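First chain A sits with chain B, and in the next complex the same chain sits with chain C.
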Partner chain A sequence: MSELTHASAPRRFIGGQLLGSSQLVLGVILAVLCIAISIAAPQFYSEANIIAILRQCALVLIVASGMTMLIITAEVDLSVGASLAFVGCIGMAVLNSTHSLALGMLAALAFAGGVGLFNGLVVTRLRVNSLIATIGTMMMLQGGVYLFTREAVQNHNQLTSFTDLGAGYVGAVPVPVILAALIFTVAYVTLRFTTLGRYLYAVGANEKAVRLSGVRSERLKLFAFILTGLCVGVAGMILSSLMNAGQPTAGRGFELTVIAAVILGGTSLLGGRGSLFGTLLGVLVLKVIDNGIIILGWNQDLQMVVPGVVIILATYLDIIRNRANVR
Partner chain B sequence: MSLASTASVKAPPSVLARLFARQELALIVCLILVIVFFSVTAENFFSVRNMTNVLGQASLALTAGIGCAIVFISGEVDISIGSLLATIALPLIIIMNDTNSLLLGVSGALLFGLIIGVVNGYLTAYAGINSLIVTLGTMFIMRGGVYLYTGQRAIPDDASLDSFIALSDGRLFNIIPYSAVIAIVLLLGFAYMMRHRPFGRQIYAVGGNPEVARLAGYDVRRVKFICFIISSLLATVAGIILAARVGSAQHTAGLNFEFQVVAATVLGGVSLAGGIGSLTGMALGVLILQFLSNGLRGLGLPTEWQLVITGMIIIAAVAFDEAKRRRAIGG
Partner chain C sequence: MSVDFLHPGEGAAIDTDVPALELRGIDKRFPGVVALDNVDFTLEPGKIHALMGENGAGKSTLIKIMAGVYGKDAGTIRMRGREVDIKSPRDSLKEGIKVVFQEIALISEFTVAENIFLEGYPTGKAGSIDWKKIRADSAALFNRIGFNVDPAARTGSLPVSQQQMVEIARALAHEARVVVMDEPTSSLTPNEVSLLFTVIRRLAALGIAVVYVSHKLDEVFEIADTVTVLRDGRHISTKPIGEHTNDTLIQDMIGRRIDNLFPRKRGEPGSKVALSVEKLNTARKLNDVSFEARAGEVLGFFGLMGAGRTELAKSIVGYDPITSGTIVVDGSRLVPHDTRTGVRLGIGLLTEDRKSEGLMGELPVYQNASLASLGAFARMGFIDKAREHRAVQDYVDRFRIKTPSLFQQVKNLSGGNQQKVLISRWLMRGLKVIVVDEPTRGIDVGAKSEIFALIDRLAGEGLAVVMMTSEMPELLGLSDRIAVMCEGRLTAIMSRDEATQEKILNAAIG
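And then the complex of A and B:
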């Protein structure tokens, strides 16, 4: 039915006009959440807690920045969680053997970018549906990481620069937050103000039209896959720095959190529609909820239930508003 | 295969080419190749005992796969089935522990499954939310709900009813596991429905082209709604078999199960785009993957290799299928 709704509604109108109000709703939800939680638990607004929330947002936001671009081109990557764990292990192993943060980082980025490249080639050259292709990659990575190491790769040389990657501060701001802000800004500018960004939207909205107008749509999709991979590389290194080890079990369900944040931010799985600013709000809403559950002393298992409800509800609200606007 | 394809381009397709064009036959050949390969290489692979064991292990994915395939054919997806497996085990085990009645326990589980199917189906078909989002959401909600309720501990089956235990280790005529019998009966029933009943044809029509189906007078929303209910009920049956096998309600039951089922379904040639595929294909996909993982274990490879190889096979199979389809259109 969703296809019908979309087909019958004028698409360009929705794409242009409603994005703003979709984010407005999300902003209101975020504000209400913050106010409600801080009334119930005043320590919500303490500096330490805000920094904790931002730090938790950073990892998700880094990968979600790439994922937003990818979903805008109407593809999706389910392998990011498995890749996150593998990247952490490889980065840590290289770091241990070379004592160089630069080489460890390079190895992580090369591996994660390689995974993105592989996904992209399978989807664009072999024409495999991206949902299936990345489920396949996810399985290969989940199995592969255990063949690579059965236990956590411990941090042997304790480089300060590496520890700072996850736990360090510049002034009062944690390093992961700065990295996330950087990546987010670059992605935002690319998507919003460059021709490349406009093409990414165009590919998602109508790939055939883009191809007929002489743009290589496969290249654009491939680019989005590699970019998502590289984001996973950065996030994987930060995660292994935070845990002070490369954990093969890390990242279970991470892909779903990232995709949930992107969808919550109003990016359509059908492609061609969405924004990074929405994704930022989506990440914030999910992580504020997570944090609220902890500081209110509620059962932490609610951290799975509430996002589930929020994703469905937010998407439903979006649909209702679309219908009202069309009328 | 290339021989068959070139033949179909140049001359009227030969019998062989037409046979190979049928997805199911290619799958059967694959299945036979897998079985022959492991019969030669792995010890104790080719025995009645092992074959029926694999059938028993495949019964979970086979049962849930029917629902998965039907939802795919209707043009939607359902990735909540893994969490559903863990969820419905709760009413099943709790009611059985309280009442010592398998019938009541199963009824409770099916009722839960029905409710979940109604929720998934309503939100997708009538509220118009993308089914990937809906079932992603209910997947989170159910898994979290199970964690909340159980405090992340397993609830053991204290009633230990003979009829319930028979579901895991009982065998019909002492040969075929009961779980496999259930799966096969359900498979035959639903395969008949998909091929020969009007409702089955409606599902294909709705998945193939919802606009045309609507113009032909089919109630697209109702068809999709019912497909989700079928999927949840079949996953419930799989969940009951799983609970019998592990003898408890496990909060981690069915983790990643949805991905395995989706993989097998797609391997079986059921398209995510809707309207394409058959339950026979899905069943062959499940069997290929199950025999493969059993055979690899027989060769003494670590279980991780099974994941890696399964992943590669899925990508290769879909890529191959896609190439064949494009050549058919292009040629």
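And then the complex of A and C:
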């Protein structure tokens, strides 16, 4: 009995966690998309286009890394889009008045982290459902940003370091892609290899059991909210650098793209199940679709329609695959 | 609908020679499993027939076929000698079979009377529903079973015991010849159980064949005329209850003998106090509860439903808040009052509600087992998975936890094996005091004895075991001392030698 268990362990380890759940389906979808688009439009595989796709992925992936952890704990944050816009405006305003990228960045992180903390406290202390709590925060931020500024906060300094944040390169790789890769890696390692990551899954799977085991479950959730907020802080600064301004209208619908990518990647909204690798694939699929629609010269409104179809389809395929596994 | 149901036995004499219901050669397959294999089941009118077996034996499948929820794959069903074809719950009811499921299927927003006549409201002139008649007929029905429920009450506001009575009244309204009660006592108080038994006997006296599905031996011996045992989807035995003893019945159910359900291997408890609780109060329930538990001792807590056992269990481990009182674990006070401190001091709870408070069903066995002791397997926050797996494997082997691998989702294990995983969780952490709340709830008879042996072993290894239970045999078989609770107060503490069922029950009533 025990030999059997040991023998099957390593195989399950690689096959189960990397490609076991919906990732396989998603990988196939991604491959099919790439092949189909490049047959129809060979310029898809040009270096410039690939870099453009990666750059677009970066913003979503940064926030999706935090969001994956949060959704694994069975909570969700719908305020990230509204927060993204607000953060850009605040970061830019601080940057303008202090002429310091570090202070601007710090202000952005503090604000976004504060939003996460607020969300987390409302959810863990007041016990308001996170869906409702963060819709509330989203509305407050959407309105609040106009109390802060009626129009875009323009960049008065033109600090090169700030411009590089969004538009710069290290070698051939855009800076945002490097930042995203960094954040993704840290989050990935945390979820896969640390006690913290294990507890995040555990809290999502059964919060009461975790609490009975002597672990402070509220803190874990609070942590995930703050982390998501901090990711928004980074993404907000990159976005304002790319637009060379803090735009109060930016980030509309961003939360849906992020959550869609996470869900597409196989992370369960019920908590306890999911992986960052899946999220990465989810982001890639969504952004390749975006890119394909542009390259093929299709109607741009399809950029919303097609991902909607893909999410339903991918989830359905996952259900079918699960059923096949059970039998 | 006719009004014959008010006076049945008077018109048609009951023909006791013809079975009320006869199932022959019933087969039922689900993908990958044979749920029923050539099962015969015959019901005599006016008799109470117990249907027993472990989880997965096929009891539920059989009654669901009778109820028309499942179709059979092979076999015949005869009602009073006439072959019938039951394709849906509606057919089943029309043929006179009424199944009262554990999960009661009444519309909670409707009144009692509305529920009783759900399938066909009597109508008055112009097709309008005759509410007056519905109320009156309902009252008459309750009169016949000798139990009164207000026909105008909203069904959802009634306790489960009364909802069962509504279901039984529905059975009479449909002139049922067969009434199936599926584990009816699982959420009833002893008082309610005895009332239910009176009603069930009354049904039998009316000539109705009653099927009583249960795995509680004492109840079956009290109420049943005949017992049929299923095991692994096969019919094992059908005998008059008089030909059975506890041992033969268990043997039929699990297919082997259990010589002693409560093997005691541990020595006598030491004198060291591991847990001391003084004047504990909570906002809702507990009232000045004080007791001590010693290392190596099993202290059993008994009480009727609502006595406060689960509340006590949850508050002494720091999970539920207390309003006053002190809890001292292994010499240190549990302050602040939370589970984190509790676990550090060495007290943990094995919950009564495995699914919602114990297991992380989606997660693999090894993660469930190591949850409380992750820190021990980590360096700088990184988990040494190889060590973790070895440690869990060790427990899987020692406790003979049946799982295909450490990576199996724990929800796919049987109740007994899940419980062993949860016990491992605490043993890996290393506790001084373990509080076990209803340790064998939802666990098969066969696996029960293993859990009992484990509890014995825990105490043998020097833990203080505080055991909350509503099962008298368990209480008497395992405990060194017995504490009894009533309405949040501790009413008696006695040693095992001086304890008798009567003494315990008296203290439980208060």
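The criterion applied here is as follows: the second predicted complex is superposed on the first by the 307 of 327 C-alpha atoms of A that agree within 3 Å, B and C clash if a C-alpha of one lies under 4 Å from a C-alpha of the other, contacts with A are read in each partner's own complex, and residues count from 1 in each chain.
The rule is simple: a contact is a pair of C-beta atoms (placed from the backbone, for glycine too) under 8 Å apart; a residue touches a chain by one contact, two chains touch by 3 or more.
A quick note: this is a predicted structure, and the numbers were derived from the prediction, not measured.
Undergrad: Touching A:A260, do we find chain B (first), chain C (second), both, or neither?
TA: first
Undergrad: If you stack the two complexes on chain A, which partner ends up touching A:R211: first (chain B), second (chain C), both, or neither?
TA: The answer is second: A:R211 touches chain C but not chain B.
Undergrad: Could you tell me if A:L302 is touching chain B, chain C, both of them or neither one (first, second, both, neither)?
TA: Touch status of A:L302: first partner only.
Undergrad: Between chain B (first) and chain C (second), which does A:G27 come into contact with in this model arrangement: first, second, both, or neither?
TA: Touch partners of A:G27: none, neither chain B nor chain C.
Undergrad: Based on the superposed arrangement, let me know which partner A:G168 touches: chain B (first), chain C (second), both, or neither?
TA: After superposition on chain A, A:G168 lies in contact with neither partner.
Undergrad: If you count the residues of chain A that each partner touches, which comes out higher, chain B or chain C?
TA: B
Undergrad: So in the superposed three-chain picture, is A:Y201 touching just chain B, just chain C, both, or none of them (first/second/both/neither)?
TA: second
Undergrad: So chain A touches chain B in one structure and chain C in the other; where do those two contact lists coincide?
TA: On chain A, the overlap between the chain B and chain C contacts is residues 1-2, 4-5.
Undergrad: What residues on chain A touch chain B, complex-wise?
TA: 1-5, 7, 122, 126-129, 131-133, 135-144, 146-147, 256, 259-260, 263, 269-270, 299, 301-309, 311-312, 315-316, 319
Undergrad: Provide the residue numbers of chain B that touch chain A in the complex, in ascending order.
TA: Residues in contact with chain A: 75, 77, 123-134, 136-141, 143-145, 147-148, 152, 210-211, 214, 220-221, 224, 259, 262-263, 266, 272-273, 302-312, 314-315, 318-319, 322-323, 326.
Undergrad: What does chain C use to touch chain A in their complex?
TA: Per the touch definition, chain C meets chain A at residues 31-32, 317, 319, 338-344, 348-349, 351, 356-363, 367, 371-372, 374-375, 378, 381-383, 389, 393, 396-397, 403-407, 425, 429.
Undergrad: Given the complex with chain C, which residues does chain A contribute to the contact?
TA: 1-2, 4-6, 8-9, 12-13, 16, 193-196, 198-199, 201-202, 205-206, 208-216, 268, 272-273, 327
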